[in-house]
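I'd like to ask you about the structure that follows.
Labels A, B, C, D, E and F are assigned to the chains in the order they are written; within every chain, residues are numbered from 1.
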Amino acid sequence: MSEPAPISRFPVPPRSELPPDLQERFAAVEERSGFLPNVFAALSWRPDEARAFFATHDALMDKETPGLSKADRELIVVATSAANDCLYCVVAHGAIARIRARDPYLADQVAVDWRKAPLPARMRAVLDVAVRLAVSPVEVTAADQAGLREHGLTEDDVWDVGAIVSFFALSNRLAHFAALMPNPEFYLMGRVPKGH
Amino acid sequence: MSEPAPISRFPVPPRSELPPDLQERFAAVEERSGFLPNVFAALSWRPDEARAFFATHDALMDKETPGLSKADRELIVVATSAANDCLYCVVAHGAIARIRARDPYLADQVAVDWRKAPLPARMRAVLDVAVRLAVSPVEVTAADQAGLREHGLTEDDVWDVGAIVSFFALSNRLAHFAALMPNPEFYLMGRVPKGH
Amino acid sequence: MSEPAPISRFPVPPRSELPPDLQERFAAVEERSGFLPNVFAALSWRPDEARAFFATHDALMDKETPGLSKADRELIVVATSAANDCLYCVVAHGAIARIRARDPYLADQVAVDWRKAPLPARMRAVLDVAVRLAVSPVEVTAADQAGLREHGLTEDDVWDVGAIVSFFALSNRLAHFAALMPNPEFYLMGRVPKGH
Amino acid sequence: MSEPAPISRFPVPPRSELPPDLQERFAAVEERSGFLPNVFAALSWRPDEARAFFATHDALMDKETPGLSKADRELIVVATSAANDCLYCVVAHGAIARIRARDPYLADQVAVDWRKAPLPARMRAVLDVAVRLAVSPVEVTAADQAGLREHGLTEDDVWDVGAIVSFFALSNRLAHFAALMPNPEFYLMGRVPKGH
Amino acid sequence: MSEPAPISRFPVPPRSELPPDLQERFAAVEERSGFLPNVFAALSWRPDEARAFFATHDALMDKETPGLSKADRELIVVATSAANDCLYCVVAHGAIARIRARDPYLADQVAVDWRKAPLPARMRAVLDVAVRLAVSPVEVTAADQAGLREHGLTEDDVWDVGAIVSFFALSNRLAHFAALMPNPEFYLMGRVPKGH
Amino acid sequence: MSEPAPISRFPVPPRSELPPDLQERFAAVEERSGFLPNVFAALSWRPDEARAFFATHDALMDKETPGLSKADRELIVVATSAANDCLYCVVAHGAIARIRARDPYLADQVAVDWRKAPLPARMRAVLDVAVRLAVSPVEVTAADQAGLREHGLTEDDVWDVGAIVSFFALSNRLAHFAALMPNPEFYLMGRVPKGH
């Protein structure tokens, strides 16, 4: 069994010293998930940045549209975070993707090689644009975006693809910079049917 | 003279239709700068994301420390945005860097080849880490961060280096995705001594 | 739940039509593991290549030395197969690595970012050389190999590092070319303590 | 204000010691431009190479054809020199491009992201081939050249595209090797309307 | 004249100490070629791996089909080994390719720039897929393989393309790792017409 | 035997129509070498560029110094032209390097993998800087140049390293753009001892 690594390379203040709104939010997350994902702890020494981070996350990820489901949004995170070699985001959002997609395999398949994952043509087009925006943003064109519209994404969905990739470009780099480690809980989530 | 391009590939609502807090903020910016930078207009159709974007910007960029001046912070933006080929951020933050650094040449030098720009050893180390975090985040190590501490950056300054790069990793990608064009005003700012 | 994909893009003959030695080997593997890993099926239409493949595998992987344990060998496979985006090898050898290392997390950590995985200095040096040999073989030097010796690897161990990487350079490419999919069993193996 | 850097890492002989033909040429350039661009000084310690350099420059750049104007030729230099991170050539030829194109913005746009610059389809095709020839010459094909002919370039124009890129592949590398710095005059040229 | 380098960085046992089957094979090769190619010597300290290596080689390379001649197979080796900067394989298989193709120039042309080599469209398609599989295996698609079928390759030929590239991905890495040097004989083979 | 390809994609005027000075030069070269290298023919439709090209070539390549022999200069061309995949320059200058170095193997070794070629430490340092300048010029530093001085190169020799690389950055791109093919004579030159 490997050594437990610290949550972050930067200070992690005790929960009791955080501003009340963050304490409340963290308690609510913990209540819902059964544990506090490490990203919350790692950002908490910078409350303003933390609040903006969570606000952006919620605006982009807690949204279900015909063109881009919650599961689809998580898979965008998994594919682009894998392209950025970001352990925390691949493991944490891989877990959420397994649950949202009700598929125990798809997140790992998308993380390692989204091109061969069993995805509909729409999501294949989405991930092609997303991964390109993540690793070589200058190469994304208006024609790429028009292609997504042809797959049924609305103008809002297209923006969301770009904004999710952009937000996790930030998130992946912060996680690398802080050497943020995933909570052990994430690795198993969504792999075993409930009630098992 | 080249054709004027639209501000963004996505909708730009009329100012009068924005939420009051954004209208106020935009008016204040316009009052101070003499014009409204296009990034404000381009984000305004998504008020929650816009608010989080500006909050993050202010938390990281409006800060002067002995280890990382406002000018230094702008140069981080210029160097990493150039590495990402982001026209809007190179031109807009190049302008601000010229003003903050009171140097009409340094921003262009950093944008094209920061390695040969006339910078102190401290900023050379900062930009080396910053550009690596921008283009190959997996390669930034704890030793890199310790190196910045040896150049006099505090733990807060080191985080700020990482957070600024991360925030502009987001910003550069949104700007590419929206094909955001710089306002014409930025190109000349800080190039000619005031009163000329 | 995503669609089941075919095992390979190339013919997979019925087991009963295989040469007797392959039938025997496949039966033994199936007996031991509870299922036949898809790589056996995918190679079986080319018996000579299959025999050479399994012989090379066994010569390199079924070996425990003080300098390079079976778990270490599997982690070399995981790290370099991830660098080659090879779904089959990351998932199958990730499973074996979890079991050999008795660690439910380490294989995923090594797959996404071996640099930040909680590994001893010896294995960090091994993976540095291994991944370089996988992606840019011209850059591996005699000094790299001397470095591994200083970490306690024997001359045989050093060769094994190179030979394992080389063998999976072959294996990863065959798996991509055949679009080989991992058996569902692999995804969960070694994640839950036995008897659970 | 940043420190003045030396013109070159190599010797720069006094003007009075140069061969008469170079002295004359330098005087004429200085007369016309108001200053002597540093590339002249930096090459002057090698008169034969300097003469060949200027001869090639003039053969390719002082030419106006319907398919490739002087401004277009300068934009090729700006785009490919930016791809090579060459400060001297981006700043010096950016200045000339602003003047030749009578556009204060276009050179900066082409330097940072020519793909989104407001250019006609012809120049978009030219820069696509030019930048590819600069960074990955093996990938330029006869079909690329035929594509330029369809945009109205003559056979001579097509050669000039290739020859300009090739000449600045040389020029960019010499400038990097000598750490050639742009004259301060270049930064502002062509940004402010004359008579201002 | 340059210094003779050792055959391998790893032990090369005397021929007399090898297992009898390897001694026989080596003697037969030497009889046929007039010398023993260094790869045989370099692998001989690992008899099991050596046997599997030669078995795979023979299964893939000693085969003449309408869709993929022996010469074609050698050119696949030359092109992909050049992409991997592998001196031994480029020189040794370049020699064999010259003989098989009865062409003293083609192997050098394919090694340096297969795109401009005078090859039929079929082999151009084969090398495009082969080199991509060698350097970026994730990018090879089912459509690429269908394209090879349209050029007349059978399903077996297509597999052979993939298997040859995969086998030399292994071989190139072992050769780099052992710093295997080509026998002097290879450099001149097939360059001068017999009887000259 | 493969089809003869045209010398260039661009016009090759008949010798008799060339300006007298080029006719003379071509005749002298042909007299000395026994054939006219294709680069002369390919450049001849542009006499001014051709003259500057040959003048630069002669200024840099026809020079023997203690720090950088004629053979060394040719090997710089071979190594950097190989990095640029330039068939004409690798084959033509490989031939000249074999003759100048009186070594039938070294040019091929340098072309495929200069790092493992049997070279003195001085030339290893030279080629390290040269290839970096060829493929990533921004990364060559003053410290690299100081390193070459420590190996005994004079200031003039160091410039020559940079200038040779720069000149062949031009030459390689022109050769690619014109699809210039090597004369058949080059392939065998220097491989067989004279008098054979």
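One rule holds in what follows: contacts are C-beta pairs under 8 Å (C-beta built on N, C-alpha and C of every residue); 3 or more make two chains touch, one makes a residue touch a chain.
It should be emphasised that the depicted structure is a prediction, and the values quoted were computed from it without experimental measurement.
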Inset, instruction - Indicate whether more than half of the residue numbers at the subunit D-subunit F interface occur in both copies; give same if so and different if not. - result: same
Inset, instruction - Give the chain pair, either C-E or E-F, that is connected by more C-beta contacts. - result: C-E
Legend entry - Distance between chain centroids, defined by C-alpha means - subunit B, subunit E (Å): 52
Inset, instruction - Take the average of all CA coordinates in subunit C, do the same for subunit E, and state the distance between these two points in whole angstrom. - result: 25
Inset, instruction - Specify, in ascending order, the residues of subunit E that touch 2 or more different other chains. - result: 85-86, 113, 138, 176, 179
Inset, instruction - Enumerate the contact residues on subunit D facing subunit B in the complex. - result: 1-5, 82, 85-87, 90-91, 102-106, 108-109, 111-113, 116-119, 176, 179, 181, 184, 187-188, 191-192
Inset, instruction - State the interface residues of subunit A toward subunit B in the complex, per the touch definition above. - result: 9-11, 46, 48-49, 51-53, 55-56, 59-60, 84-86, 133-134, 137-138, 140, 142, 145, 155, 159, 162-163, 165-167, 169-174, 176-179
